[in-house]
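Both of the next two complexes hold subunit A, though its partner changes from subunit B to subunit C.
Up next is the complex of A and B:
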């Protein structure tokens, strides 16, 4: 159950997601969201207070490799897809 | 009317043997596959990026030379189609998204390294639902892929391009990825075989992430032997993937036996055959069960009531993971870009993401952000993860009593274009039987069960952890008894 109005909700979530919703998209999204959230709410009828959650099916903890220098990509290869490069650095927006 | 080489109808396993005895045949094979592509690709549109024939012939010539020098590559000379969610060095990889429309990866996924290492040749990158989010391949940012059995129907998704490339003889074998059914659904809809391996069996290094805890790369093929061949190559430990299982030297060809390798006990789940299933699907399903019974295998019915909550739990978890995984698309390091001049970080990110992502992807990121947000986490994400635990425990318990669970792969035959998109829940329902294997990490294969009214229907077999060999054995037996292998869909039946 939503604790807020659907339109206010969408504004808040789209701000959190850094996704702007155009006016054409808004109606479709609101309509679909309502249906999907109702569908999600079907799990609310279950009482699961005594159940442990399962986030990952692996029995063992994921392993990390030894901290040894291996082969890696060259700087040129890494920068190949960057659109704005300055002096070998990736250019980002100014930090206020 | 052109006469195609006889090689076009041969399976991958057979071709590899032919190439070993006569490496010169590789060129004839490549040319004939491109002749099929020339004729059918405009109708079905499997490929986002197809490599030019001369480049592929040059690769073929190199393989021919190594074979002449005694190379024994298990895929030597074969053309492999690759879903555009798997990165390929210097070959554009888009995820069927505008946000990655010009991305040229600087490295190969582990599965690609292994395929090339065995002499396989990547022929092109196949269409899919954007970021693998969809079950029909209608959500591609570029174009829709059509089902070669009926051009008015969807091929299933999200690995629809890979399924169609294989089904329409535009490649011998293919790679797909499966987060909630994305290999098995299109395999069922196009009359081929596809497997979602045990979680951790195949390296995810170089697979562009959507639902990290759910997804696996897997093979798609026109027959069970070819699937076993490709799975043997891609399965096994990879230090580049921290979730990779420490299993090595797997050879699934040993399970291609015409009789049961053990006295399999087969379970059907009451909840999966009672409501919401098409009659045509159910008839095909029952016919498949009889084939197993004729082999002397026992079929029993069980009930798993929690299974009706699997679909909402799956979508909550998948969307939560998506919202986190897709946070990386900032437009600064790669992909769709807007100038950083005069904009703040938030403005750049927001502009890139709003313009670069399609509608279905946006919906899933928004909902994923929501189910993880303060005040809603316990109600949705945590609760879904508890359902996952109950489901997992139920299947572990069940597999102490039985060896395999069978269900129809999908509740219906392939929808016509637009049918599943009218309502988001209609689209999600296509994954009703497949998501269980992703939530539990178990292996599941889809094989042709029947052809009804000229469209294929799929059968799904789910097994215990790392039981791929036995699933392949059962799939092979079913294939022998049903004769459903190397099927030729209507779109290419005039010349293949």
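Up next is the complex of A and C:
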């Protein structure tokens, strides 16, 4: 991927994730991404047609929990970091 | 517009209400009626560092539904992050499932059989996802459109949901309703969902007409409203197409109060949820042994139950289907029959009178069966079979019991509902009616159909208590006497 394409990609991804990126940060991220893509290009040069893709390793013992009720937080703790509260509800932005 | 030009697909979100806790944390699942933000923990609030762990019973529930809907089941359970920003979503992503690289839904490619115009139709299921419910938004003005801000309660955040998606195989609003009714009955029979709970079952519908575009309708909360919202959209879209207007590809919101769909604000750019497998949740192997074990324990499902009702009780296909469309109704029918037999009479009363009035009065079936209990209904059937009341009176009593929550016997005796089958008593009333209606008598002497009017007058005088067959017979006899023919 060319650096110009990467710039378009970064703009899109920062917009999607609502993260503002400064020009210095942009430089760092673009350089990192270039390295990452080069790394994947190396993998791509191998013949992997007979290898099943692996995304995650399956554990022998599943990490699950029983359906048993535990402790919830007190409402004071829940609302500790909240800017605006109205009648126990957390105030949020308009949605439409 | 012919039905063939309409394509409807449904996305049903159902909470697994049988669970005691949420999907990824041990907060209680009974969030309803609690003060806001009192049923939460670091996991379902999405606090940094909190780690989700999946509820094993949620997996079992999903597998039960997958088997009941004849799906192919994945050999591994993978959770995927779906990213979007909305105030009800504390982590800014929803833990869900996805069909794509590294991800797979728990189940795919199933079907549901629905009854359509006397025939059967297979509606394909595209996939089933296990996912978490977001929190609940309260709009200060009561409406999403006019509120200047939102109020958020995270008590519902993290409740286990199943998202069941159909292929666009449905061709009319009526079929869409039949699909939801059938799915609801299956979920009830599996013992997983109490669909009477507010918000337990929510539907998004997509609909396209030939020559138009795909329109999605969000926020529909009942099968009845799915039918209404789709009917509204068909009219709106066909009007637009007729006048050459373009039907935009868009998402609309169902306003259940005004009974219209309204467009939602157009998004600035195309939806991109940036799906990727959730690194906090290691995949869980789904073994054949587990699937086999769950399959063995599946309870009787609606289709099997309908068949049994027809075979065992001699019910018509129609009666059996209506009864089984709601598990509570079918259970009620069987309890009554266990109590006093008479399956055909009871089947008819439950479907044509009980259910009809319950719908009309808008009471929950589960409440209504506690008012007109099997014992009470059986008393009515006894009185009917022993000619203490007639069927007409029985039909009048049922709404009264439901409305005033009164004992059947009290109503029958206090309101003097006992059937008049005493010939002497009836003849006295008939003589009165004949004296008062000379013209009708003249008509009846020429035209036998006019006898009905005289029967009606007798019924009126007795407030419906006169035995209709006997009255009819006695009037004809009396008329013959009057005309002098033997």
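For this structure, a couple of remarks:
We adopt the following convention: the second predicted complex is superposed on the first by the 66 of 96 C-alpha atoms of A that agree within 3 Å, B and C clash if a C-alpha of one lies under 4 Å from a C-alpha of the other, contacts with A are read in each partner's own complex, and residues count from 1 in each chain.
The rule is simple: a contact is a pair of C-beta atoms (placed from the backbone, for glycine too) under 8 Å apart; a residue touches a chain by one contact, two chains touch by 3 or more.
From a predicted model like this one, the values you see are computed outputs, not experimental measurements.
In the overlay built on the shared chain, the residue A:8 is in contact with neither subunit B nor subunit C. Contacts of A:20 after superposition on the shared chain: subunit B is touched, whereas subunit C is not. In the superposition on chain A, A:42 makes contact with subunit B only, while subunit C stays out of contact range. Put simply, more of the residues of subunit A are touched by B, taking subunit B and subunit C as the two choices. When the two complexes are overlaid on their common chain A, residue A:91 makes contact with subunit B and with subunit C alike. Touch criterion met: A:55 reaches subunit B and subunit C at once.
Of the two partner chains, subunit C is the only one touched by A:67; subunit B is not.
When the two structures are aligned on the shared chain, A:80 is found in touch with subunit B, with no touch to subunit C. Common to the subunit B and subunit C contact sets on subunit A are residues 13, 16-18, 53, 55-58, 62-65, 73, 78, 90-96.
Those residues of subunit A that touch subunit C in the shared complex are 12-13, 15-18, 53, 55-59, 62-73, 75, 78-79, 86-96. Across the complex, subunit C meets subunit A through its residues 19-21, 25-28, 35-42, 45, 53-59, 76, 78, 83, 85-87, 101-103, 137-138, 144-145, 147-154, 253, 264-265, 269, 272, 274, 277, 281-285.
Looking at the complex, you find that subunit B touches subunit A at residues 102-104, 106-107, 199-200, 213, 239, 242-243, 309, 312-313, 315-316, 323, 332-335, 337, 339-340, 343-351, 353-354, 357, 359, 362-363, 365-367, 369-371, 373, 375, 379-380, 382-390, 392, 423-425, 428, 440-441. Against subunit B, the residues of subunit A that register as touching in their complex are 3, 9-10, 13-14, 16-22, 25, 28-29, 32-33, 35-37, 39-40, 42-44, 46, 48, 51-58, 62-65, 73, 77-78, 80-84, 90-96.
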